[in-house]
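Notes follow the structure.
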Amino acid sequence: MYTLGIDVGSASSKVVILEDGEKVVASSVFQVGTGSSGPERALKEAFEKSGLGYEDMAKIVATGYGRYSFAKADKQISEISCHAKGIFHLIPTARTIIDIGGQDAKAIRLDSRGMVNQFFMNDKCAAGTGRFLEVMARVLEIDIKEMAEYDARATEVVNVSSTCTVFAESEVISHLSNNIPKENIIAGIHASVASKACGLAYRTGLEDDIVMGGGVAQNAGVVRAISRELRRPVIVAPHPQITGALGAALFAYDEAKKH
Amino acid sequence: MSETEGMNAKQKLGYYTQKFYDDACAAHDKGEFVCWSSSIAPSEVFTTMGIHIVYPENHAAAVGAKHGALEILELAERKGYTMDNCSYSRINLAYMELLVEEKKTGKTPEALAKLDELKIPRIPLPDIIVLCNNICEVLLKWYENIAVSLNVPIVIIDVPFVHHPGKIPQRSIDYVEAQFKRSIKQVEDLCGRPFDYDKFIKVQEQTQRSIAAWDKAMGMASVVPSPLNGFDIFNFMALIVCARSEYAAEDTFTTLANELEEKAAAGIDAFKGGEKTRIAWEGIAVWPYLSHTYKALKALGMNMVGSTYPSAWSIHYEPGDLKAMSAGYIGCYYNTSLDNRVDVVSSVMENTKCTGILYHNNRSCKNMAVMNVEMEEMISKRTNTPFASFDGDQTDPRNFSEAQYDTRIEALSETMEQNIAAKQNA
Amino acid sequence: MSKVDTIIAELDAISKNPKKAMADFKAKTGKGAVGVLPIYAPEELVYAAGYLPMGIWGATKKQILKATTFLPAFTCSIMQSIMELELQGTYDDLAAIVISSPCDTLKCFAQKWKGKSPVIQFVHSQNRDMEASNTFMVEEYKYVRESLENTLGVKITDDAINAAIDVYNENRAVMRMFTDVAALYPQVITPTKRHAVIKARQFMDKAEHTKKVREIIAGLMSEPVVPFTGKKIVLTGIQAEPDELLKIFEEFGIAVVADDLAQESRQFRTDVPAGNDPLYRLAKQWQNVTACALAIDRDKPRGKFIVNLAKEYGADAVIVAMMKFCDPEEYDYPILLEDFEKVGLRNLKIEIDQQSESFEQARTRIQSFVEML
C-alpha cells in the first residue's frame, strides 16, 4: 500500500511516497513553496521517480503552511505533529525536537510513544530562521550552502544580534568593514540562530535524545552552535528537510489502515 | 566618618556602594533583616528599623553595565517572560531564581558564578519587599511576582497617578499617608518590636540633608561650561538611590559639590574646554553601552547637563509631617501628567542652559516612551531647541544599535551648532 | 433560523455597528453616549446620567497608519487600534471619554487623546485590602461624577446611581447564568456566538441587553442537552477576537466552556455590593475584584482560579489569549504556567494582535494543540 505526504512550506515543497508505512520509495524537494508551482513540481518528480501516480495512493495527507491550499489531500495535519511523527519514526529515542525552517523555528517535546507533549514556536520574526541565514549569506556574498564550511574554519565567534535581522545586518556590514574574517562572522551568525532556537528548546526541558529536523539542520555550523550552546549532543535526523512530509505520509498510512 | 577621610567623591561613591552591598550580605548572619526596594520608595521607614535596603534596579543596572545581562535575560525568557517586559525586572526575577536555586541545592548555579566572576555584587534574598509605583506601574506586577515566588510580605506604597498639573489631590495624600502608617505596622510585625518615632524624625532629617547635598552637587550642572559631566549624574545616582536616608549620601554629595565648586572657580570644566553644546538627556542611561554613548557625545563636544533624575529624588518635606512626605513621594516626576513633565523638563533645560535635548526611546519602559512624541513637540516649542531620539534599552544589550545612536546625535549636534552660529551672526 | 440564533444575530449586528447603536439610543432618549476604555470603569455613573456607556476596546484587523506617528511600535495592540480610530475621528461624536489608568500605557495614553471629545481620566487604587483604599476610591469616583456632570450638563443623583447599579447587577447575574448555560449547549452556542452575546453588552443599554439574554437562555433551556465530543477549553486573557480566530476554534471542534477574559467574564463576575452610599458601593466592588492582572493581589490567585474553572466546567485545557505587548498579562504568564504545570493542566498560548489580518499561524498552533490533546 502506498501513501503520500506533502509538506507545503512557505519557502519549499516536499513530497514523500511511503510503502506500507515503512519504506520511502521516493521523495522530492523543490525550493518554492505555497502559492507557486512548487507543490505540483515536487509531486511530479516523486511520481516519476517511483513510477506511481495519484491513483496508486491509498491516502494523501498535507502539512505545512500551505496545507489547506492543496485540494487533493484527504486530510490536513499540522507540521508540528508531522515533524514529530516523522522524526520519531526515524529515531525512536527522540524526545526533544528542534526544527528550524525557512520562516519559523519550533521546539517540540515528545513522550515515549512519540506523542507531542508540548511545543514552542517562533513564527513572528525572521531572526533565528532560515530567512535570517539567507539575508546574511547575501550580505556576505556567499552561497548559503557554503556557510557550514566557512564556519568550520572560524577562529572566533563574533557577536551578532539575535533579536533583529536589520540590526544584525548592519552589524555584519560593520564587521566586514573592520576586516573581520568572514569565517568568524559566519560563526557569529550561526550562534545567533542557535541562541534563538535554544531559547525555545530550553522550555521543553531538554530530555535526550535531542534531534534536529527542518531545512536549516543541513547546516552543520548551526547544528554545532546549538550543541555548543546546549552543551548536549544533537542528532541530525537523516534527510532533515523531508521529515515533515514523511510524518504526513505516516499519518496517511494510519488513515488508510482505518478504512 | 573617619573611614572616608581624605577620599574624593568618586572614591566615596565606590566605598559606600560596596559597603551597602557587603552590609546587606552580612545581615542575615547578624540576625538582621533585608528589604528589596524600588528606587524611589520610602527608605525612611526601613532605615528607622535598621532594615538593610537593597535596590534591584541598581543591581540590574550593575549587571548591565558590567556586561552580564544577556545570559540572565535569556534565563528569564525561559521562565516565560518576554522581551517586552522591562529588562530590570527580567534580570532581577532571573537573579532571584538563581539565588533560590543556590539556597536550595547548596551549589552555585553556573550563570550566577559567571556574574560573580564579572564582579557583580551579590545581594541576599529579602525578608520583605517594598515598592512605590511613582516611577511606573510595572513595579506592581514585578514585585507581586517576587512576593508570591519567595512568600515574603510586600509593602505597597501606591501613589495615584497625578493626571492633572497643579496641586496633588487631598484624597491621594490621605490614601498614601494611610499606607505609610500601614507600612510602619508591617515593619513592626517583621522586626517584632515597636517603631521608634524619634529615630524616624532623625532619619527624615538625615534624608533631607542628603537630598540637599544632592541638589547642590547636581545644581553645578547649570554652570557654563559645566564642571559636571552629565554621565556623572548616572554614576552618582546609585548613592542617592541606595543611601538617601543615610549619612553616606550627604558625605559623598557634599564632597562632590565642593569639588565641582572648586573646579568651577578655577574655570575647569568636564570636557576641559571642549564643551560646544549642552543637552538634556530624557530617560535613563543605556547601561551596557555607557562607554560608547558617553564617548560619542564627548567627541562631538556635547555635554549632557540636563536630566530629570536629580529632581526625581529631590523629595522635600518637613520632618515629622507625614502628609508632606506623602505628597513628596506622589509628586515624583514620573508619576505626573504630560503637562507637568513638559514643565519640569523645560525648567531643567532653562536652568542648565541646554541647547538641545536627546530622548532615549527605552524599549523596556512604556512610562518613558509612550508620551515622548508629544513631549518632543511641546518642549521644543517652549524652549525653542532642537531634539533627536534614539532606540535603546536600559539593560538589554540587544535593543541598541551603536550606528543608529551615532547618526542621531550627529544630526542633533549639527543642528545645535548651526543654531548657535546663526545666533552669533544675527 | 432558530429564535436563539435570530437574537444572537441581532446582538452581533449591534456590536458591528456602534455608530448606529449610538444614533438609535439618541433617537430614543435624546441623550448621547460616553466612551469607556478598558478594563474597569464606573459605568453606572454614566448610565445614571442617562447617557449610553459604550465600550472602546479597539477594532479588529486594524491597519495602523497614522498612530505610528504618536505611539512606539511596542505599545499594546488595543491602544494602537484605539489611537488609529481616534485619529480618524471615529470617536468624536462621543460626549466624553472615560479612561482608567491601571497600566503605564493607559495612564500615558489618556494624557494624549487626539480626538475632539473631552477626556475624564481616573485612577484605581492598588493597595486594596485597606479601608483607606475605599475612602480614596469614593473620592476619586466623586471626581469622575463631578466631571461627568460638568461635561454632560446633567445632575447625577445618588438615587439614579443606585438604580443604575441595580440594572448592572441584574445584567451581571444574567450574564453569569448565560455563560453557565452556554457551556451546556456548545453545539448551539459556538465560540463565535458566545462572544457575540457578551460583546453586545458594550454597545447596549444594559436593561435591554438583559432582556435579550434572558430570551436566549429560555430558548436554550427548552432544548435537550447533547453530549459534546470535541475539546472543552477555558479562555483567559484580555480578549479573544476576532471572529476569524473564534471560527478556527470551531473548525477544530473546540468549545469555550468558561472564560477569564477582561472583555468578557471579568466584566460581570463581581457584583456591586448592597449599601446606601452608591459611590461607596462602587468602591467596595473594586475592592472585591480578584484574579485579574489589573487588580494587584499579593497572593496572585489567578492561576488557581483558572484551574478551578477548568475543573468545574470539565475543561480539557486552557488557552491563554495573550494580548500583544500587554505588560500586566505578560507578567502574570510565568506564574500561571507554574500553577498549570503543578496540576498538569494542558495549556496553549496564542497571541492576540488587533492588527493581524491573517490567522494561519494561530491556526497551526491551535490545530497542533488539539492534535496533542
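Think of it as A, B and C in the order they're written, each chain with its own count starting at 1.
Simple rule for what comes next: a residue touches a chain if its C-beta (ideal position, glycine included) is under 8 Å from a C-beta of that chain, and two chains touch if they have at least 3 such contacts.
The structure presented is a predicted model; accordingly, all values stated were derived computationally and were not measured.
> What pair of chains has the most C-beta pairs in contact?
Looking across every pairing, the one with the most contacts is B-C.
> Which one of the chains is farthest from chain B, going by Cα centres?
Checked the centroid distances; the maximum from chain B is A.
> Could you grab the centroid distance between chain A and chain B? Build each centroid from C-alpha atoms only and quote it in angstrom.
From the centre of chain A to the centre of chain B is 46 Å.
> Can you give the whole-Å distance between the Cα centres of chain B and chain C?
Going by mean C-alpha positions, chain B sits 36 Å from chain C.
> Measuring from the mean C-alpha position of chain A to the mean C-alpha position of chain C, what distance in angstrom results?
Averaging C-alpha atoms per chain gives centres 40 Å apart.
> Two or more other chains touching the same residue: where does that happen in chain B?
80, in rising order.
> Provide the residue numbers of chain A that touch chain C in the complex, in ascending order.
Within the complex, chain A contacts chain C at residues 65, 76-81, 115-119, 121, 123-124.
> How about chain B: which of its residues touch chain A in the complex?
It is residues 74, 77-78, 80, 83, 398-399, 401, 403 of chain B that touch chain A.
> Within their complex, state which residues of chain C touch chain B.
69-72, 74-75, 101-105, 107-112, 121-123, 125-127, 130, 132-133, 135-136, 139-140, 143, 293, 296-300, 325, 327-328, 330-335, 337
> For the complex, which residues does chain B have touching chain C?
The contact residues of chain B facing chain C are 79-82, 84-85, 89, 133, 136-138, 140-142, 144-145, 147-149, 154, 156-158, 160-161, 163, 169-172, 174-175, 178-179, 182, 337-338, 361, 363, 365-367, 369-374.
> Give every residue of chain A touching chain B within the complex, in rising order.
By the definition above, chain A touches chain B via 161-164, 167, 170-171, 174, 195, 199, 202-203.
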